[in-house]
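Several structures are given next for inspection.
You will see chain A twice below: alongside chain B first, and alongside chain C after that.
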Partner chain A sequence: MTLTRAYVRALWDGRMILGYTLLLSLTLFIVAPFLMIALRSVGKGWFYRLWLPPQLTLDWYRWAVEVGNIPEVMKNTLIIGIIATAISTVIGIFAGWAFGRRQMPGKEVAMAVILLPRMIPPITYALGVAKIFYTLELVDTYLGVALAHVSVCAPYGILVLSATFEGLDERVLEAADVCGANTIKRFFYVVLPLIMPGILASMIFTFTHSYNEFTLTLLTYGPNTVTLPVRTYLAVGDGYWEITSAMAVIMVIPSLVILAMIQRRAEPEKLVGGFKGV
Partner chain B sequence: MTDAMIEFRDACKRYGTLVANDHLSLRIRRGELMTLLGPSGCGKTTALRCLTGYIRPDEGRIFIDDKDVTDVPTHQRELGMVFQNFALFPHLTVQDNVGFPLMIRNLPKDQRTKMAADALRLVRLEGYESHYPRQLSGGQQQRVGLARALVYRPKVLLLDEPLSNLDAKLREEMRFEIKELVTRLGITAVYVTHDQAEALALSDRVAIMNRGRLEQVGTPEEIYEQPQSRFVAEFIGLSNFLEGRIEAVDGATMRVTVGDLKLTAPALPQTGPGQRVLLFVRPNEIELLGPDAPAGENVFEARVEKVTYLGDMMDYRLAFGQGLALRVQGDAHRRFSPGSPVRLRLPRIRCWTITSG
Partner chain C sequence: MTPHWRSHSGTLVTILLLLPALIGFFGLFFYPMLLTVFLSFRPEGQVTGWTLENYARFLSDPDGRWVILLTFILALGSTALSILLSVPLALILREKVRGHQFYRLIVLVPLVIPGLIGALGLLLFWGVRGWFNLFLTQLVPFVTGPVAVNYTLHGLIMFYVWLYFPYTCVTTLSSLESLDRSIEEAGAVSGATRWQVLRHIVLPLITPAILAGSVLTFMAAFGAFSVPLIAGGNYRPLSVEIYKEISVFIPARWSAASAIAMVMGAMQVIFLSLYMRYVRRAGGAGGIR
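Coming up: the complex of A and B.
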C-alpha cells in the first residue's frame, strides 16, 4: 500500500518531466514530416543513412519553378480556390439563412443531403462528378474544377453560416425595423456586419479546402487546370524526390499565411454578435 | 385630429385555436403613458407587436395618429421602441447605436452627432459615446436603448418590459426616470409589463389584459381601489374575497350577508336584495383590534391562526364567523400571537363589491 503510494507520489512529483516528454514527442510526431520535407527540399547528395544533408542548395526550387511550371500551377490553384470560395459563400449565405432562421419541413433531411458529398468516399463521388463533367464539357476548365470543389466546400459554408444566422438576435433585427430600416438597409447596416465573422470563417474554410483538394481535382483537371496538389503528386510519379519536396514546401506557404491571418484577425471582440451566446 | 394617438379597433389575432387578441378595442390618448398589464400569455405582447407591425391582426384595424397603419410595414411607422433584452446593435458604438435611426433617415453627419449627443444627455449617459454595448452594464445598455428610441422624437414610444432584465434596485430607479422623461417630452408611450408595481408607479392609465381580452382600463387608483372583476382584484395587490348576498339596500349603503355574518358596504348600483355579490377587502385595510374593543359597524370577533413576520409588518391569518378566513396585514409594533382572540373591523368604504353569478 505504502509502496503504491510512493510510486504515485514519485509520478506526481515527476509530472512536469513526464508532461513535457509527452508534449515533445507529440510535437515531433506532428512536425517531423514537415521538417523532413523542408530539409530535403534544400539538401544535396542526401542519400543512404546520412542524418543530415551534406550540402545545402536552392536548386530544387529553381527546378520546381522552371520544370514544374509552379507559377502557372499556383495561378490555377488560386483562381480555382477563389471561384470555389465565392460560389460556396454565396450558397452558404442563402442556405444558411434558410437553415438558421426559418422553420421548414424536412430541415434535417435537407441538411443530411447537403452533407452527403462529405460522407461518402471522395473517389466514388469524384467518379460521378467526372462523368457528368465530361458530358457537360466542364472538364479542364476553371469553372468545372471549382464547381467540383464546391460540392465539398459548400457544406462547410452552409454549416458555419447557418450557425451564424441562428445566433442572430431576432430582437436586434426587429430593432432595426422599428428604427426605420427597410430590408435592404437592414441587411447592409445590421445583418451583414453581424454575420461577417461567419462569412470570414466560411471563406477561410472553403478556400483552404479547395486549395488542398486532391481527389476531385484529379478526376476533373486537364493540362490547363493543374493544381498544386496534383502537380506535386505527378512529380512523385516522376521520381524526383527533391523537386517534389520543394513543391510541397511551396504548397504549404499559403496555408501558413492564412493561418497567420486567422490568428491576427480572429480577436474575440471582432467576432462579437456573429455567434451564439454572445 | 382626435384625442387618441393610438387606437386598436376590434383587433383580433389567433394562433390556431389560441386567441391572443380577442376583439381588442383600446384608445390611447396623446401624451399618455398607457401600460398593458397582465400575466404572461395574456396577449399584451401580441398587442404591442400589432403596433410595431411585426404581427398583422387577423381582423380589425390599428390606427396611429389617426392614420390606419394596419398594412404599413414596420419601418414606415415612425416608432421608437425599447426592448426587454436591450437589442442594441453589438457591432456599433453607443454613439452609432443612438444615431442609427438618423443614419437610416439620411441625416448629415454633424446633425446626427448633435442629436445623438442630445439624446444621450437626456438619459444621462454622456461620455460613453465610443463604448460598445458589451462594455456597459445592463442599466446603461437600457439607457442607450432609450436614447436610440427617442433620438428622432417619434410620435409613439413603445416599451416592451424594459426593466425586467435589470436588478430590483435599478428597476425602481429607472421606473421614475422613464416616467419623468416621457412626461417631460410629452410623448405617447405604451408600456408592456407583467409587474403590477411598475404599472401602478408609472402609468397614467393601465389596461389589464387577461386571455386576450381587456379586463379593465383605468387610472392606477381606479384599478387598485375599484377593480371591476375578480381577476383584476387578484392580479393587483392582495385581496380577501368573501361571497355574499345582498340583504337590503339603504340609500348609499347596503347590508350584505356573508355566511352567518352581516356586513355593511357601499351600495352597488343597479342591484337589489337577493343579488349575489363578491366582496373584497385588502389585507392592509382591515383594522385589527384588541379582544375587548367596543362593538360597532363591521366589527367581528376572530381568532389568530397564523402569524408571519415580514419585517415592516405582520401578516396574520384569521379565522372568523363560520369557516371564514381572512388575511390581514398589521403594523409590526402591535403583535398578536397565534390562538389569541381579536376583533377586526372592515371599514365600510374599503369593502368593495362586484356582482357575481
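Coming up: the complex of A and C.
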C-alpha cells in the first residue's frame, strides 16, 4: 500500500515530464501512420528493413489515376456528398427549428426517436436499405447512395441545428422588431447572420460523414457510383499497397481541409455529438 | 391568451417542419429495420413462411457465440483504454501547455479521417516492415524478432483506440474547460494538495462527462465495420460476420445476415440502456448535461 502510494507520488512529482512524454507519444501514435502512407505512396523498391524508401517515384499516383480511376471516383464522391449534405441540411433546418424554437408535447421523446439511427450500428439497417433500394432500382445511382448516406448524416444535422436555433436569443429578435424591422428584414439582417455559423457547421459535419461513409456505400454502390472509401477498400483487397497509399493520400487531403475548417469555425464537441446528453 | 385556431395552426406548422425528418426516419431507418426484422424470420431465400432457424443456427453455433463475445471484448477493451488515455490527456491540454492548440488538432484527426485510411496507415506502421518493428529490432537491445501487432486481438483493440478515443477525449476536455476554477481554488485554500484537489474535486465533477463520452466511443467501437473488415484478419466481429453472409455466399444469405443484424442491434440497445442507467446514477442528481 505504501509502495503504491510512493509510486503514485513519484508519478505525480514527475508530471511535467510525463505530460510531455504523453503528448509526444500521442502525436507519434496518430501522425506516424500517415507518414508511413505518404512515404509508401512515393517510395520505390522499399522491400528490406529500411527506415526510408531507397528511391522516390510518382508512378503510384499515375497508376492510381489511370487504373484506379481516381478523378471519376472523386467526382462521384463529391456529387454524392453534396446531394447528401443538401438533403440533410434541409431536414436539419426544418426539424432543428421545430425542436429548437417551437413548443410541442413529447419533444424529448420525438427527438430521441428521430436520433435513434445514431444508437444502432449502421450495418443493421444498411441491410434493409440495400434490400429496398434493390427493388426501387436506386442502387448504383447518385441519388440512391446519397439517400443512404442521409440516414447517417441527417441526425447530426438535426442535433447541431436544433442547438443553434435554441441558442438564438429572443431579445435580439425583439430588439429588431422594436427598431422597426419587418419580418423579411429581420430574417435577412438579424436571424440569418446569427444562424449561419450553425448551418455551416452542420454542413461541414454532414459532408464529413458522407465523405467518410463506408458501410452504407458498400451495400448500395455499383460500378458507376464507386466512392473513395469503397475504391480504397477494393484496392486493399487487390493487395497493391503502394497504389492504395497513393489513393489514400489523395483522399486524405479534403479531410485535412475539413479539419482546418472545423478548428476555425466550429466547436469540436459538436462533431462528436457529445453535447446535450448522448 | 392565444386563440384556439392559432394553437391548432401552430401544431400544424410544427408537424410540417418535422415532416422531412419523419419521412427520412421512416423511409431510411424504420422501414429498413422492419424489413430486416421480417427477413430474419423468413426461411432463407423465401418471401413467405416463418422460422426461428436463422437465430437458432447463429446462437447455437460456438463460432456465433465467440463472435458476440469478441465484439464485446473489442468494444469494451477499447472503451476502457480510451478513458485511460483521454483523462490524463484532457487534464494536460486544459492547462494550455505550449503548443496545446496543435495537440487539440491532433486529437481530432481520427474523427475526420476515413476509417479505412486510418486502418491502412496503422497496418503499415505496426507491420513487420513498419517503423514500430524497425525501432524494436534495430534500436532496442535484446529484441530479436519483430513483434506481431497486425491481425492480432491486442493490435485490433489498439487500432480501435486510435480511431475512437477522440469521442471520449473531446467530451472530457470540453467538460473540464467548463468547470468552474473557483471550486478548485476553494479546495486549495482549504488546504488540499493539488493531488487531493484532482482526486476528490475535479475527477468526481467530470466523471459524468467521461462516461458520456465513453458511451460514444463504445457505440462507435461496437458498430465498427470498415476497420475490422480490412485489419481484423481472423477476428471478425458481428458487423463483419453480417457482411460475410451477404458477400461471401452465393446466393447471398440475407435472412441469416438479418438475424445476426437483429442480434447485434438488440445487444447494443440492451447494453446501452443498462450503461446509460449506470451513467445517470454515477452522474448523481444532475445526470448528463
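Please note the rule applied: the second predicted complex is superposed on the first by the 233 of 278 C-alpha atoms of A that agree within 3 Å, B and C clash if a C-alpha of one lies under 4 Å from a C-alpha of the other, contacts with A are read in each partner's own complex, and residues count from 1 in each chain.
Rule of thumb we're sticking to: contacts are C-beta pairs under 8 Å (C-beta built on N, C-alpha and C of every residue); 3 or more make two chains touch, one makes a residue touch a chain.
Keep in mind that what you see is a predicted model, and the values were worked out from it rather than measured.
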| item | value |
| --- | --- |
| Which superposed partner A:Ile30 touches (first chain B, second chain C, both, neither) | second |
| A:Ile253 touches, of chain B and chain C: first, second, both or neither? | neither |
| First (chain B), second (chain C), both or neither touched by A:Leu58 | neither |
| Touching partner for A:Asp177 - first (chain B), second (chain C), both, neither | first |
| Which superposed partner A:Trp97 touches (first chain B, second chain C, both, neither) | second |
| Partner chain(s) touched by A:Asp169 [first = chain B, second = chain C, both, neither] | first |
| First (chain B), second (chain C), both or neither touched by A:Ala112 | neither |
| Partner, of chain C and chain B, that touches more residues belonging to chain A | C |
| Chain A residues contacted in one complex by chain B, in the other by chain C | 269, 272-273, 278 |
| Residue numbers on chain C that touch chain A, as the complex places them | 10-11, 13-14, 16-22, 24-25, 28-29, 31-36, 39, 85, 88-89, 92, 97, 99, 103-118, 120-122, 124-125, 129-131, 134, 137-138, 162, 166-167, 170-171, 174, 195, 209, 212-213, 215-216, 219, 222-223, 225-226, 229-230, 238-239, 242-243, 246, 254, 257-258, 261-262, 264-265, 268-269, 272, 276, 288-289 |
| Residue ranges of chain A in contact with chain B within the complex | 169, 171-172, 174-182, 185-186, 189-190, 193-194, 269, 272-273, 278 |
| Sites on chain B touched by chain A in the complex | 52-54, 73-81, 83-85, 87-91, 100-101, 103-105, 132, 134, 148, 158 |
| Touching residues (chain side chain A, partner chain C) in the complex | 9, 12, 19-20, 22-23, 26-27, 29-34, 36-37, 40, 47, 49, 51, 87, 90-91, 94-95, 97-98, 102-104, 110, 113-114, 116-129, 131-132, 147-148, 150-151, 154, 158, 208, 211-212, 214-215, 218-219, 228-229, 232-233, 236, 241, 244-245, 248, 251-252, 255-256, 258-259, 262-263, 267-269, 271-278 |
